[in-house]
Structures are given as C-alpha cells and as structure tokens.
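Each of the next two complexes has chain A plus one other chain: chain B in the first, chain C in the second.
Take a look at the complex of A and B:
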C-alpha cells in the first residue's frame, strides 16, 4: 500500500518478530510461520500483551495493548504497524 | 453523608434488641437467610444509587467515596455488603465500561428503582480461568443469538431482574471470542432456561448463591455489551474498578474484628488483671490496627490512582487486591487468637466474630484469587524494571491526599497494561530525599527502596515461561514483594502529604513508622526490636476507639 519506500523495514521487522515469538514460544525462529495465528504457538493473552510491549519499545511507538489480539499473526501485525506508521516507519525501525 | 446516615440507622451493634445489631445479624446467618432488616436500611438510603454514575442520575462519582459508604455495611454484615450491592456493582461496571447509551440507561433505571443485576462470570468447571468459559452465545440459523451452557455460584442469580453474562461469542481461539451480554430475565422465554438450586456455603451464608442453565435460549439483538468479541478486554478493564473497591470495602471486616476483640480484652480478667495489660495481647491489637491502617492507605491511594493514573491502574488494582486481602486474612486470624475459645463459639456476645471470620475468605479467593492478581502484575514487571524503576516522574501529589479533589472517573482510559509506567515507584525514591523523616522511619523506608532495587534486577532477568501460569512458585513472590513496596510507598507518601496538618492523627509519624516496620517484616527483613511505647499507644487507641463506638479507620469514619 505504501509502495517500495517501506520495503527495507519489512524483512527486518519480520525477522525481529519471528525471533521474539520464538523466544516466547520456546522454539526456533525458523519454525515460526508469519502467516499462522500466534495462538497456535501457545502464545496466550499474557504473551500477547508482553509482545505488544516489546514491539512498542523496539519501534519507539505507542500501540494499543490489545494489538496482538486484533492482529494475531506476524503478517497481520506488520501490516497494521506499517499502516499506522506510514512513511516514517523506516526511520523508527531500530532492528 | 450517606456513611454517617447508614451508621445512624444501623444503630448500636451491641444492643441485643437492635433489629440491625450483631445479635440479629448472627441470627439471620444461622438461618442462612438474607438479612432483611439490613436490606431495609439500605433500601431506605437508596444505596444502589452509589453504584450508578452521576451522569445517569446516581451518586457514583468517586471510588474513594464509594468505599467510604460501603465500609460501614461490611462492618455490620459482609454478606449484606456483597449480597445487596456489590454483586450488582460487579455486573454494572461492565455496562458503564462497554454498554451503549440505552443499555446504560436501562441498568441505571433498574438499579435506581432498587433492582438487582447479577454478575454471571463464574462456571464451576473453569473458576478463575474465565476466558475458558463454555457458556456460548452463537447465532442460530435465523441469526438470533442463542445461549447454551451454565453459570454457577452467582450471587442473586434467582432474584436479579437483569444479568450480565460472560459468554463465548466466537469459536475462534484467542482473546477476541467472548462478549458480555446484558439480559433481562423477563425477556427470556420460559423453558429455555432454568434456575439451579442454591449453593450452600460456610460463610456469606446470607448471600443467595444460585445459577442458571440455558438451552437454546434466544436473546434480543441489542444484548451484547460493546464491540462483539471484546469481552475479555471489557472484563479486564472493569475488574480494575472492582478489584480496587472490593478489598477496600472488606477492610470493614477487620474493623469489626478489632471492635469485638477490644470489647473482649476490655472485659476479660485473668490472673487478677485485665487482658489489656498483657504486653503480648497489646502487641496483637497494635499489629492488627496497623495492618488496617496499611490496608486503608493502600486502598485509598489505589482508588485515587484510578482517577489520576488510569493508565497505570492495571498494575495497582491487582497488587492492592492481593496485598489487602492477605493482610486482612492474617490480621483477623491473629485477632482470633486473642479471643481464644470465644472466637469459636457461634453465639453469645462474641459470636459475631466467627461469622466475620467465615465471611472474609471470599475477599481473597473471590472475584479473582490472590494468585490470579499476582498473575496480572507479574508479566508487567520486566518492562517496569527496564523503564519506570530506572527513574521517572512522581505522580501528582493529589494521589496521596485522602479526601482531596479528584478528576472524574474515566472508564475509557483504563488500559490492560501499564505500558512500563509506575509513577508510584518514583514517589518512593522521592520520599528518601524528604526532609525531617525520623530515623527509624527512614530505616524502614530504605528497606522498601532497596527491595525495589533488588526487584529491578530479578524482574529484568525473567524467562518467558515465568510470566505465565507456568511460572515457578518463587517467581510469584516477585509481584507479592512489589505489592508490599507499593503499600510502603502509599503509606509514607500519605504521611508526607498530611504532616503539615498537625491536629490530625495522620500527621503523627507513629502510625507510618509502625506501618513501614510491619511491611519490612513482611518482606522478610528484620525490622529491629519492637518499640514498646508504640504497642502501648496503638493498643490504647484501639481500646479508646472501641469505647467511643466509632470506626477504626485512618480517615475518621
């Protein structure tokens, strides 16, 4: 939606999220499919809130605490964050 | 003031002819009946209006006022407090938090007319794991929602005109699959639901605990509260209000326990002298009194935080619920030791004590078990260790001024996590720099501050599995210790903000020194030798308050 400008952010945010989800799920990042609901990896509501906090700190933004409940896959989360941040997201991405 | 009016109408608890005195309360409990004379008093003052926001025609504007009104009710009869009102409050806050204008109006009108709303969360099969609940409300072939399943151990299930039901509204996994439904009994077709038999209990025997079973029970279209699927979020936000006020109201049980114990101590002669002259007995009275003061301070600061720091309340409400329930339980047990065999007798002058003792446990396991409250705080701790505890701004000073002005209650601003914020922690650090803090108080204050430092190190290093119900048992001690630090912060700051009012009980450093000493002991630190003169002064205060017939609270009532 935002064109090629965002392309560099996405892979790094994706790999960062896979690493975080793997950390909570106690699995290897390679085992985490970004299109699969995080509940499939045993990430309950508590982990979802923690992941939201990690993401806020990582990107330096404020998100709804329930963001992972509403966007329960890595893909959906990335899409939501990109939409929210628009053109400024590349600068914010520390990973 | 409604609280004063209630006390006046309840009358002297020790007058055996008083229809709302201890003897009458005890008799109703023995029969397992709702305390009718007590309910009449509450009807007469229109107590339900306390649960209805001002903009809907009620008197609910401030949580500290709500607590103040309900404490005398719990002092007189905890079952009356829970059965008459609080269960409606637990249900109603969901409506205030998520309902639309017409749902809010309906519930307000019902309560203002003296009606009841049942809070239908609990299912025996799932307990505290309410997100695992099975009652479902799914659309049938005609698109109409149909209820299937049960709600059990619900106060007033059989006599409430309306109910808030927590139900699964989607079969998807995750946290967006439940909703609250606001259902009125009169709208449900007979035959599609049935009342379950009453659940007999060992305490709170005047509360009519029932249940409902639904079978393909259709509900009207406008039944869902708020956004469908947002029920877990609504519950977690609403519970911040109820976890704040319920334990605070239950401090009335400890007040009643102190009153009964003081009466016993006053009258009892052993070895040719009054029990009140035994240092051991005085120390127990003093400790229980100090625990009450700690509970009140923490409860008041937490209630004020809901108004002033709503986005941090998820932390404070659960920590307070845990800590206050723990202190109340321990303190009432300790008082029972003073009464000896008398606390075990079911009638006679002191029989009311064992009723209060039996009524107290739901304050700790009900409406979120203590362990569940710790489980709400625990996953927030690592982020606090990384952010808030490394420095930040202290909260507005009004949060520590009991009775002072407050901004309106804003349900919209309650959030599911404090997001790494904990303003109170900065006020603990700030208190260390306050001038003219007595040396012994300062020593206890340092214990709390060091504890926060240690917590910061331990919490930053928590492994993911330790954030959930899989946490190792010792890890649950971290939120418990955090709660103790929060209590110390509340006490010392209330004192710092009151000490300029020299005529006030609050201004004297004695109570706060004793409070922080108790908290240091709870944290497993050696608080040093007991100052004998503190015990004497505090126990004398307990006896004097008993003789005056007033309350034992920090704030006069």
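Take a look at the complex of A and C:
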C-alpha cells in the first residue's frame, strides 16, 4: 500500500477510529477527542489493546499489540500507521 | 516436639536429580510445521525425584507431614526442607537450559512442583517463588544478565518478585516505588509489600515507576542484587502473619534513596508492564501445579479415610452419597489437571494464545481445587479440623495453605478480568476460527515431543483468538465419526456436541455483550466462568482424541464432560451423575482409569 493510496482514506480512518474508541468507551463518537490519550476515556490499558486487532482487520496489516501504548491518541495512531505504510508525513487537520 | 532427625544414610544423590539429559535435535519426530526447531524430549526423571522426596507419611522423609506440621506450628520458614530441594537440584528447573538450568519443558516444571506441593504447599510456594522472581529476566534480560541470574539460582539463591505495594495490590499501574536516573544507574525510593521471599531473597526483581506520569510505558524492571546494595539504604518490612502458608516469608522491601547500578535494568526502560504481563502468562500456568498438588493430597486423605471409617456396620466408602461425591471429585481433579498440562504444553506449541490460556488456567484450576478441598473436608469431618491428629493435621494445613493460590499471582478475579479484556477478540475470532489448529493438536498429543519454548512469541493479546474453543466443533465432529465407525459410544459423542453447542452460544453472547473495560459488570464474570468451562471440556476432548493409542478408555472423558456440562446446563435441566459412581468404582478396583496427563505424577 502506498501513501498515494492511503491519502483518501485518512479522514475515514480517523472517523473509524473515533467510532471504535467510542464503542469501547461506551460514549458518542463526537465525545472522543483524537488528541486525548485513550486512557482518559476509562479504557483499561490492556483492554485498549483490543483496538489493535480491529485496526489490523480494518487495514489488513500486522501491528504490535502494544501499538496503542506507544501511540496513545487517535492522532498518534494515525501518524504511526501512515509512517508504517510508507505514506507521507502529512498530518490531518485538527477537529 | 521436634521433627525426628534424618538418618545419616538417607537419600543424598551424588548427582542432582534435576540434571539436564542432553537431547539433540530430533527433527524427524517433530510435526512438519515445527521441524526447524529443536525438539525437547523429557529431560527430568520425575519418578526418581518423587522417590527422592520420600513418603510424606514417613516422618524421616525429606518432605514429611511431621516436619511440615512443625514448621507450620512455629510459623517458621521451612528452611531445612527447602535445602533438601536445593540438594535434589530443584532450582535448576527454575532456569531455562539456555541460561544454565534444566528448564526445557514447562510441563516438567509443573509436574515437579506438583510433587512438592502434594507434600507441603508452604515449601512449594516458598521455594518455587524463585521461578517467579526470575521469569522477567528469562523474557527480557540481557544474555549475560540471565546467565548470571541462572548461576545464582542454581547455586541456591532465592529470588523474589516485587510487584505489589500497600494500598493498591493488583493495580500495578498505581505503583509508587520510583527510580530516577543518575550517573551510573538509578536512585530508587519506595516500598513493595506482601512480597513472597522479600526478606530471604538475595535478589529481587522490582517493578518501578520510571516516568512520573506512569501509564503502560511508565514502568521498568530492575533486578536488584541486595548483596551489592549499601546496607543502610534498604529495609526489610516485617513478616506478615497469615491464615495459611504460615511459615512462608511474606514480607516487604523498602528502598530509601538507594543507588542501583544501571546494569540492573531488565529489558528496556518503559517495558516493565509489558514484560510483567508476559511473565505472568508463564507463572500463572506454573502456579496451577500448586492447586493440583493440594487437590491430590486432599483427595488421597479423604479416600483413605472413607475406606477405613466404619459407619452403620459398613465403611463410609460404601455409602452411595460418598461414592458419588468422591467420583465427582476425581472427575474435577482430572479436568483441572488436563487444563493445567494443556496450558503448560501450549507455552511451547501456541505461545501466541497463552494470554487467554494462562488466564483460564489460573482462574479454573485453583477454583476447582478449592471446591474439591471443601468437599474432602466435609467427608473427613472432624479429622479435617484437627491440627495434631490424622497425619499431623495435614488436611487442615493444606486447606489453609491453598486459599492463597486463588489470590496470588493474579487472583481468580484478576485472571477473569484478563479474560474479559479479550472478549472482543474471542468473539470476533470464534466464527471464522482464525487461530492455528496445529498448536492445539500438538499440545493435546502428549506423545509429541515439544519444541523449545520461544518466549519472544508470547503476546499480550491472542490476536487469532483461542484455537481450543474454536476447534471444539471439529473435535465433536471427529468424535461423532469415531462413534459412527463403532470406536466410541454415541452417548459420548452427544455430550461433546452439547458442549460444542454451548460454546457457540457463549460466543454469540460475547459478540452481543457491551464492551466493558475497567468496571466489568458481574455478567462479564459469569461469561468468563462459562468460557473457562467450555475451554476445560474442549481440552479434555482434545486430549482424549489425540491420545487414542493409550487406550479407548471412555470413562474418564465421559466423567469430565458430565462434570463440565452440569455447570453449563440451565438449572431446569438436571444431570444424571451415575458416571461418577462408575468412575469411583473403577478407580477403587485398581483399574488404570484416568487421562494420560496423569502419567509420571501418580
């Protein structure tokens, strides 16, 4: 997968991640701030690892289970995935 | 009363029992998928070890009920008995072969520790703790660090594991013992409390906060050698008086701005929690040996009592209720043993899944042993209550000692929580059966030599789910095919199919269950318990299917499945338990009945 192919899915990856985190935290996606650490939403540090499996399925990639510990916000996760997939370092707009 | 001195000519093997028997690569006997790896055959002579430990009913034996009772009464550490284990080479089993020890197979460590626990749980816990203390170093330590620790352990140095602190026991991320970096190493400040061997241990592996804000990357591990620390900068906290394991060194360890050399770091800074959670997969699996040993002895004392005790002109064992109760207890022990042995073998064959398997084993096996001990206590009546009569009060001691097994190293609650954390994954992976079935089959086939453990394959999450429960459908189908061909009874196949249907239904419920993280509701714990039951039944079925060479004995499997199903069936569906009578009668007649997992420890 190349950066040029990834680019169009960035906004959807972000909203998808917000939806997943909201699901696990049992909140509304609108309540999830992508720049805030996932542990702030009451996710147990081990439970938060579940997100890794979802992300692997969603993107068809293999990730370290602890990816969420090393990149603890949605923003950081997206940046890590972009970098891993060889995409550009272009960051998404906030908000 | 002092324990009788051992006769001078008692067993003192010139060569430790736990020596390594070199086994070269035997790729030809390995399943194709694992042929590239070194295969390890049994390296430890368990029968010889059992013989060397002696008959616990003989007061002169190295580990006897008389000696155990004495150290328990005095609440003194059973130092002499631990020295006997040192002499027999037991510490070698706590050190992987690559670091200079004899630990090549986790099922061997499990079996050896069970043999000790059967005689004295306090000794097994006090001595075996060194394996727990070393586990993080085997996983994440530098090669020279692991080799040095291995040499210390083989030479008899006790090692402690300092995880918990006063006020926030199982919540490891709340720990406040902190290490700050300075030239040449760290300064450590804080206390660890309720630590097994905190005072006796020459070394202690500490989980310390290395980032003030904490979090999953905010903790690190330091292997601290007390012999190298300034004596005025560390303290031992007093021994805590306990209900059971009264002789054990349950104390604490405090450090006061204590310098620790940089080479004490185990793994990378910030990797502490990850390493601990992986080490717990090893230790929770091994700790099930303590429950099996206690259950072995409880059942032996109850059966012997029932066979001797006269009542209304008959012996106790002739009463229908007693036969039924004892038969059910054996079925319970067999199932727990299968879960335990399967989990230990899975560390070799399915390390990616042991975050699930070890949690199930640590929740299931101690809980079953607690029930079994309570049942045996009811049968023993007042004999189970006396501290000086009836084998020196062995039963009341093991009853008290075993309580701690369901509490430490991840209590049943914590273990179930570890399972609940993986519900989303288990639910998602079950329908598609995404785990590798070869690992399960290899773990269940007890005649298959095990590949060397690859600890770097342990994972915090079983990303493919649980192969054993996923494969229950196909296992039940295989049994049905055997039944159709006349090699098994249709009744047995029906039990397996019922279990498989329960398992599928459970996973549908898991998929529907709302995510529950820190504050998992009681319903989540009920689901975890049902998962454990499905897992245990599936393990029994797999072990039966993959060891048909050792005989077509259906009785033990039928008893195990009925034992499991009676806890899974709805209340309005009563279970016919007559299989437990048949199981007990067969065992009483001396017939060789029971799962092949028992080999080497009966």
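The rule is short, and it goes like this: the second predicted complex is superposed on the first by the 79 of 95 C-alpha atoms of A that agree within 3 Å, B and C clash if a C-alpha of one lies under 4 Å from a C-alpha of the other, contacts with A are read in each partner's own complex, and residues count from 1 in each chain.
Following the convention adopted for this analysis, a contact is a pair of C-beta atoms (placed from the backbone, for glycine too) under 8 Å apart; a residue touches a chain by one contact, two chains touch by 3 or more.
Given the structure is predicted, the values throughout are model-derived calculations rather than measurements.
Chemist: Could you look at A:34 and tell me whether it touches chain B, chain C, both or neither (first, second, both, neither)?
Modeler: neither
Chemist: Just checking: does A:65 make contact with chain B only, chain C only, both, or neither of them? Give me first, second, both or neither.
Modeler: both
Chemist: By the touch definition above, which chain A residues appear in both interfaces, chain B in one complex and chain C in the other?
Modeler: In the superposed arrangement, which is not itself an observed complex, chain A uses residues 23-24, 26, 37, 39, 44-50, 52-53, 56-57, 65-66, 69-70, 72 for both chain B and chain C.
Chemist: In the complex formed with chain A, which residues of chain C make contact?
Modeler: Answer in residue numbers: 173, 215-217, 273-274, 277, 418, 421-422, 424-425, 428, 459-461, 463, 514-515, 517-519.
Chemist: Which part of chain A faces chain B closely enough to touch in the complex?
Modeler: By the definition above, chain A touches chain B via 23-24, 26, 37, 39-40, 44-50, 52-53, 56-57, 62, 65-66, 69-70, 72.
Chemist: What part of chain B is in contact with chain A in the complex they form?
Modeler: Touching chain A from chain B are residues 131, 173-176, 232-233, 375, 379, 382-383, 386-387, 415-417, 419-420, 464-465, 467-468.
Chemist: Where on chain A does chain C make contact in their complex?
Modeler: 23-26, 37, 39, 42-50, 52-54, 56-57, 65-66, 69-70, 72
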